[in-house]
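In structure tokens below, several structures.
Presented sequentially are two complexes of chain A, the first with chain B as partner and the second with chain C.
Take a look at the complex of A and B:
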């Protein structure tokens, strides 16, 4: 074991794809797969005292239900952990990191998320992508990503972050950058908490909250997400919205929302968020959000509409800069 | 060839200086945590650009464990040079017995007499390793129109890629070059 013998929980919720020596794709689909999967990475044993915890399989749908389970595991193990590494699906990694950011506020233990370059157990549909990554990088990047994540999980961070390739990115700033295979995620304002070269250099001037830990164990609320195209009507009525707690609409920055759509929002009487990164025109009965990433705005709304949080006024919560999610 | 050298003995470490000197004498590019200049530290290069890692010291620290794990994950060779009398770390011994990693991790006890020999033996291993045979170095090659025409014609005629044909030609020249073979034979003497 490493000299400091830190206790790191490795939480598995998809994103576990790794190529074995023969080039076969291995992933964790159930608890029984963990032993073989970990045996592919014996190097991990020199880094820390690692305990894997299975939350969901490679092919399970990753969303609010699984985030809820991850939160339960982390809050249960927090007292015995030095840190948590969450391995999860690449296509939902930003949302997963944000869900943990809003539900596990000011947790003393560091949470780092990472993933394999691909997710899902089916090989045929991904054969070309996997072959390309194998030829170019020798694998799917998971080994290095987990090694980096374990190293970071033993150090303090203000809130959950993603480590992927050579970048450590705070959850609230992470965006996908598909032009770069090594670093699929980037920071919206090009500000990184750390970079990997001959080691991991975490920024020394990060600001840490002194507030008490707040854990929200409720499942995040389901909201309907729309992208508005001016001139295209919203052809659904109030009944269709019955199963949602709110509506999130991405709108254009400079053109006011059409009057007919403004009237629809007033009729729904459902919490409605209008989002654009640059600016939004105010609409009666809706909350306007800008200057944060779209993923941050969505997950924050899902959190703010979950039952334990609802005593606070939704509009106030959405407007408050809770974790520095609004960028200057 | 590029090597990253890490030691956790920062003061009066003559062995580390000797190891770096042995590498440099035979033209190996060495970056090290002991080098205080910006050019070789964390600036402008990353661990995935090196061919191997060399650790020297009595015991692993957190950083050494991390570097070893990361380099092994990249399927590259690691040399751990422990001074004679030092007891290898138990986790290091475990890695040394792992069927997959045993070929990649080389744990050697050294003294002043055999230090150079251990370093050179390791270099021979890396030089013949899989990584060195990978076509991973990218060149920009400027050609005249005439040579380009010939290359296009030849590749088309043999139904192979131009790059493959050029690589084959260079491999063949390399194999037939007696002076170069002699140079390789004595490279690590």
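Take a look at the complex of A and C:
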């Protein structure tokens, strides 16, 4: 290990699939797998002083409970760390990055998230995808992604970001872009914090908040997520909603919500968020939100409804541009 | 219009110097604080600029002592190029091994000593720059010249070794970057070593203008990497 290497914690929560020299799929399903898995990437300990921390296995369901554990690990290790790299499942990477963004506000240490192109330990169902990626890219992309993530984690960033392929994307702008295998994520306004072209280049003009660090250690609230289709009724009663702290409904931009649905929202008496990226028609008793990504709106609502935050007025929190999540 | 050999040389050296200087500023302005790749490539192109300009000055603009100092500076610049490429290759696209600190100190010290000696009689005993290339004469102290050349080639080949050692177990995207960079590296080495090390050793200074242009291949490739798409 070189002198003065930065201390980077490598938090493992799924998304760890990598092909070894023989082409076998290796991933971290338990703590015991970490040594073999890290041996596939000997460069990591040259780039930084790496300390892996196991949070969840490759086949575990990734959601609020695991985000809660990741937040606990980061807040516990923050004083020792120069940065954190979180490896997590590709299909939940945006939500995981947003969960960390809202729960670990203005953290001084950089948090970078990345993933393998595939998640899960079973090989048979993913055989074709893995074969295709191996032929086209020589692997599942994780080695390059982690190497890039570690190099970025040693540099300051305003809040958590995703590095995948050649793009460094702020969590609040990240969207899935399945048309491109190298860059599965893109930025909703095509603005990136950095690029991997000739080495890694992080923009030098990023703006940083001077506010104090705020860590919210409570588990994010469960909310029900609906996609409204005009003319199709919502056929469930108030009892079905008992386990949720709020309801998130994606609506259409150019036609108002039907009267019957507006009445249902009023009856539920649960915090309700109506979302559309472009615009939303106001409905009594609901919070309207637009001009941010759908994932941002969902995770922000989950955070705003979690117990430590609920003292604030929910409507105000949702309307406030806390981390620049509303795009101009 | 008749283009003389000398004016073609001047023109080539000005173009090579300008390209290197522009790339040096461009890459440096991308930030060197957190990127050793930017730092060393920027240094490489800066020394490329210095190499071209010092050759230009020694061949056309200066006479006497000024021309001699300028010509000696070209040898310093070449060592600078080799060292910058060495460290660039070590860091590009990422480090895969740690160099011993004492080894690095030894290499850097040797580079500084050789560069300083380049301004003494240990390197060039006598220097005469005529009005055209056929009248040129530089009397080298051959053992030092051979040592200088061996050191230069050792540093360059070490840089190539760093790049080649990264080709194993690397994703195709990065492998392609390294291979293309290696190709430009080898083209530059062949042209530079032949026209600017071997031919002067054989008392032929007619084609020294060809060396500085070799860095342009790398510059074109790096330019293409930096500005491939229209993403903000």
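What to note about this one:
By definition in this document, the second predicted complex is superposed on the first by the 325 of 328 C-alpha atoms of A that agree within 3 Å, B and C clash if a C-alpha of one lies under 4 Å from a C-alpha of the other, contacts with A are read in each partner's own complex, and residues count from 1 in each chain.
Convention: contacts are C-beta pairs under 8 Å (C-beta built on N, C-alpha and C of every residue); 3 or more make two chains touch, one makes a residue touch a chain.
Not measured: the values here are computed from a predicted model.
In the superposition on chain A, contact is made by A:144 with both chain B and chain C. Touch criterion met: A:155 reaches chain C, while chain B stays clear of it.
Touch criterion not met for A:70: it reaches neither chain B nor chain C. Of the two partner chains placed by the overlay, neither chain B nor chain C lies in contact with A:298. Note on chain A: of its two partners chain C and chain B, the one contacting more of its residues is C. Once the two complexes are laid over each other on the shared chain, residue contacts for A:202 go to chain C alone; chain B is not touched. In the superposition on chain A, contact is made by A:190 with chain C only, not with chain B.
When the two complexes are overlaid on their common chain A, residue A:85 makes contact with neither chain B nor chain C. Across the superposed pair, chain B and chain C both touch chain A at residues 1-3, 21, 42-43, 46-47, 138, 143-144, 147, 151, 154, 166, 197-201. Of all the residues in chain A, the ones that touch chain C in their complex are 1-3, 21, 42-43, 46-47, 136-139, 141, 143-144, 147, 151, 154-155, 166-167, 182, 190-192, 195, 197-202, 204.
Only residues 1-4, 21, 41-47, 138, 143-144, 147-148, 151, 154, 166, 196-201 of chain A touch chain B when the two sit together in their complex. Looking at the complex, you find that chain B touches chain A at residues 4, 31, 33, 41-43, 45-47, 59-63, 65-70, 72-75, 89-92, 94-95, 98, 100-101. Taken in their complex, chain C has these residues touching chain A: 27, 30-31, 34-35, 37-38, 41, 91-98, 101, 169-175, 222, 225-226, 228, 231-232.
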